[in-house]
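Labels A, B, C and D are assigned to the chains in the order they are written; within every chain, residues are numbered from 1.
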Amino acid sequence: MISFWHWISAPRHGWQLTAFIFGALAIGCGVLALLASTTPRYRKTLVAAVTFLAGLYYAIEFLIPPSLWPLDPPRNPFSEVQPLVGTLTQIIWSFALFLGVWNLFLIHGRAVAKRSRGWYNSAAFFISFFAIMGAGLLKDYAHGPVAKVSQSVFTILFSGFLTSLDATMFSLIAFYIVSAAYRAFRVKSLEAGLMMAAAGIIMLALVPVGAEITNWLPSTGFLSALRVERMGYWLLTSPNMAAQRAIAFGIAVGGLAMGLRIWLSLERGNFFDRQL
Amino acid sequence: MVELADWIAANAKTIALWCGALATFAIYSVLYAENKFYRLFEHIFIGLSAGFGVYVTWSQVLEPKWWQPMVHKGHWQWAFAAVLGSMFYFMYSKKHAWISRVIFGLFMGLSAGLMFRDFYEIYFPQMGASMKPIVGNGMSFWDSVNVFIFYMILLCSMTYFFFSFEHDSPIVQKSAAAGRWFLMIGFGAIFGATVMGRMTLFIGRLNFLVIDWWPSARSAWQFRTFQGIVAVIIVALVVWIINALRTRK
Amino acid sequence: MSEASQYASPAVWIVESLLAFFILWKILSARRGRELFIRRIPGLSALDEAVGRATEMGRPILFAPGLSGLDIVGLQSMAILSHVVRKAAKYGTRVIVPLADPVLYTVAEEVAKDAYNAEGVPEQFDAEDIRFLSDRQFAWASGVVGILHREQVASALYFGYYFAESLILAENGQMIGAIQVAGTPATTQIPFFLASCDYTIIGDEYYAASAYLSREPTLLGSLVGQDMGKLVIIGIIALGSIAFTANAIWPNVGWLCDLTNTIAKYFPRS
Amino acid sequence: MNILEKLQTIDRRILYLLIAAVIAIPLLQRPSRHPRIVFSEVKNAYTTLSKVPKNKIVIISCVWGPGTRAENEPQTKAIIKHLLMEDTRFVMLSWDQLGSQLTYEDAVEIGKQLGKRYGKDWVHLGYNPGPMYAIIRGLGKSFTGVFKVDRFGKKLKDIPATKNVRDYRDIGAVVEITPSGTVSSWIAYFNQPYNVPLVFCPTAVMSAEAYPYLDSGQLDGMLNGVIGAAQYETLIGMENERTYAAAAAWALSCAHIFIIVLIVLGNLGYALSRRSAPQRGGGRTG
């Protein structure tokens, strides 16, 4: 058995490598075909089994310490293969990164094909998509002037347009806060008043001007507790800490419940089953 | 052609600066009103981030960690990773969408299986840190008060989130009501922190415009062509605003 | 701390299996039909008052599920939508539902149709009122703002997963004088809803509200099991606090020191 | 309609111009004065990183991208500068496609200022798509089992800074710089199981929820947004330099006062309008 394993895991070269790769792909396609042909009745159990076994790996890796394993020297074999699991999941996961791109191509492709309203925006999407991807790949793999031009085009597209567009889009929220501060934030109840008071003190305590405002108060003794940065910091480290921990314990138990429901496929009768 | 390439390469940094300023003004134009200029740059943003994503994923993940070991080092077993990776894309097929549920189920199972470790490593220390002695060995009066406040807020806030029994006994009713009040302090802290965070993002953009771009704009002002371009832009802006006001009336 | 701390200790087996047992026991018994009690959270009365006001003023209601897609939060928002539509259908009040997810859009249409049928007024269902606006955050938000101002809705209800667009909606709802009730598990958006809406359902209350309305067994059982889990946590903290306080008062009592050391070992403290 | 009610219907674009002006002034003045008060969690972060033994490396895990660069980049630069000044080797890894480029450029820039060399003093592992749980879990057992090459494809075994890094025993501390809730992955899968110190540099939005973890010792220090970065700069001897973080701290001071004034004015107008027209709503336009 060991020699077969060595034979399987030995690296190949030249035409042998190509043959083995296509052989592996063929086996993979065979398994996919087998999967595709399973009757709907077994599909749900198959997905539930895969989900359960995947969850079982990390559960056992944590729940059963080395001393309980009948191995010499005592170790938890599931922990030994952690790095391999880490690398495998990383690679398979990165194949999924093109899902979003596929979806975008469908939407914008349709807009351009049908010349629907604002189709030139979708055309701009495709142009910028292939421009930055092309510039990126060319600057790495091409040589000579082509590499130089694509490097500068890449710099312009990346540190010029892309980083500024991302940062500016994110910063729009600041403006919505400013207009909401004036037109939406209304103290309509005592509890909203308490929240806004706490927010105001903490906002002043976090920024340098807070310390300046109450700098005239003595820095030691009873009165020092009324300094803005002291009050704000006490609010953060005492009542806020306790309240956040109460919320955290709710999330803790909620996370365990959600994990169990997914691990044991208990989510019945809604979107989990829609595609099965 | 080669001089142009050299010129672009030499001035890439400045051109990038001006493109950044143009992009910033384009996105901020939505603050005045939804317009074509903003929508165009929004689509450019989606295209650039998707395209960059594909480039980085290939050049920094798949190529060095999958393609190289498979093709150059001969580890042909990596081909199976491509088969598993392809299963995601069945979600777009009408007939076989369920095959994508197998690979999604694998990843959801993996992250669900971690719930036991999560609960221990994150929340056992939280329970440990909540076991604070109320009185005893050298604790001052104020220390005891602070610990008492901690317990009161923790228990009242947790009581607020109990749903499986009626809040009819006065103690439970009072502590749940107090719990909502104490939670308000927690949400006040989140409110203050969120305002600070969002304001900083705008400060970052303004810093880019005022510190990085403005000096370059001032030095470009001496060129006649630049003054012409600015004049054209101002005229276009005025026409657009008048047009917008007229259609609004 | 030695290697041992990265594996489960006996305390972990006891506590986590106890919690898992409570949760699974309650879910499975709920699925076998046992009636589980969930109290009616005060937020639901605020919701009913908002719907009532809209029927008084004879103006439509807006129900916005935020950016949630076909996930747990989105589906529970649909349970609340069904409750709102059934209440509004009694008085012939329109419910406008702007969506940001194409798949949840189809679910919302089904939910609304079923609700109107359940109230015996299928003809009140208007496909125009269930609208997919855009899957882009701010494009969806500006679409909803357009609806708020054009329809002059009397009540605006925000139930689902929200990000920064909560600010834009709350501000415009405030400008047209609508009564606003919100509910979201997204803790970073709750402060902004608290500051601008008439009532806000916070955190886990969101799940309790939808469980109360939908009576969905897995959700009901899960919530009741989680309550018991929180009681276990409170019990552990209380025991630990008593032990540490006693140890602090009588520091050299032998068995007390052993007890606190074992507790400290299993519940590590900095 | 009295003054305050009229004020209520101010066009929101005027408010936008006002906030831009309020913030632009301190940015233009570029004050070198840093905040006087340094929070204890920032001091704890400083002492934690100063105590890292020289034979160990620090992992700087960056989850941020250009979107939150204004908050996370000053934190990243302050931490890098401190580690390079102390001759503590560090390894940077980025979980964001765009952030991978920015974090590398930041380290190169500061490395040049302090005369430090890539490969000898610091290494960048490039973009890492995740999932975080699998990689962080694998990292503890064997560093080179998960990370074999740096961002240029060079073997870690051949790079001086990382050639003898095997597993968690060779990692002195982890610094997590993030705009989202990813620190729990480090707590659960690496820092708590292997008892390695963890410094948390969140965007301000995430800071309020972190205080329970500072209290329990699961976090050894925290830099709260750009204010945390400005306070950290004070600790590493930059208190008289005209840095972006210092200017941002004062700009934030002005912004916070401006917003508090807006909220008070808004509520005053609202209270007055309710007294004159008590019945609810009435479909005010505008």
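Just so we're on the same page, contacts are C-beta pairs under 8 Å (C-beta built on N, C-alpha and C of every residue); 3 or more make two chains touch, one makes a residue touch a chain.
All values derive from a computational prediction rather than experimental measurement.
S.K.: By count of C-beta pairs in contact, what is the leading chain pair?
M.R.: A-B
S.K.: Using mean C-alpha positions as chain centres, tell me how far subunit A is from subunit D in Å, no decimals.
M.R.: 18
S.K.: Just give me the whole-number Å value for how far the CA centre of subunit C lies from that of subunit D.
M.R.: 30
S.K.: Distance between subunit A and subunit B based on Cα centroids, please, to the nearest Å.
M.R.: Distance between chain centres: 10 Å.
S.K.: Two-or-more-chain contact residues of subunit A, please, as numbers and ranges.
M.R.: As it turns out, subunit A has residues touching two or more other chains at 58, 62-63, 87, 89-90, 93-94, 97, 158-159, 162-164, 166-167, 169-175, 177, 179, 183, 185-187, 191-192, 195-196, 199-200, 203, 206-207, 236, 240-241, 244-245, 247-250, 252, 256, 258, 260.
S.K.: Which subunit C residues reach two or more other chains?
M.R.: Residues 6, 8, 12, 16, 19, 138, 164, 175, 187-188, 191-192, 194-195, 203-204, 230, 233, 268-270 of subunit C each touch two or more of the other chains.
S.K.: Mark out which residues of subunit B touch at least two other chains, giving numbers and ranges.
M.R.: Residues 30-31, 42, 49, 52-53, 56-57, 61, 65, 107, 110, 114, 116-120, 122-123, 125-126, 128-130, 154, 158, 161, 183-184, 186-196, 198-199, 201-202, 204-205.
S.K.: Which of line, ring, star, complete and other names the graph you get from chains that touch?
M.R.: Topology of the interface graph: complete, with all chain pairs in contact.
S.K.: What does subunit D use to touch subunit B in their complex?
M.R.: 13, 16, 19-20, 23-24, 27-28, 30, 67-71, 97-98, 100, 126-129, 131, 133-134, 148-149, 151, 153, 184, 187-189, 192-193, 203-209, 212-213, 215-218, 224-227, 244, 247-248, 251-252, 255-256, 259
S.K.: Can you list the residues on subunit B that touch subunit A in the complex?
M.R.: Listed in rising order, the residues are 2, 5, 8-9, 12-13, 15-21, 23-24, 27-28, 30-31, 39-59, 61-62, 65-66, 70-71, 73-89, 91-92, 95-103, 105-110, 112-120, 122-123, 126, 130, 146, 149-150, 153-154, 157-158, 161, 179-189, 191-193, 195-196, 198-199, 201-202, 204-205, 208.
S.K.: Which of the residues in subunit C end up touching subunit D in this complex?
M.R.: 1, 5-6, 57, 152, 154, 175-179, 187-188, 268-270
S.K.: Using the touch definition from the top, list the residues of subunit C that touch subunit A in their complex.
M.R.: 3-4, 6-8, 12-13, 16, 19-20, 23-24, 27, 31, 70-72, 75, 103, 107, 138, 164, 167-168, 170-171, 174-175, 187, 191-192, 194-196, 198, 203-204, 207, 218, 222, 225-226, 229-230, 233
S.K.: Which residues, counting only subunit A, touch subunit C once they are in their complex?
M.R.: 62-66, 76, 172-173, 176-177, 179-180, 183-188, 191-192, 195-196, 199, 247, 249-250, 252-254, 256-258, 260-261, 264, 266-268, 270-271, 274
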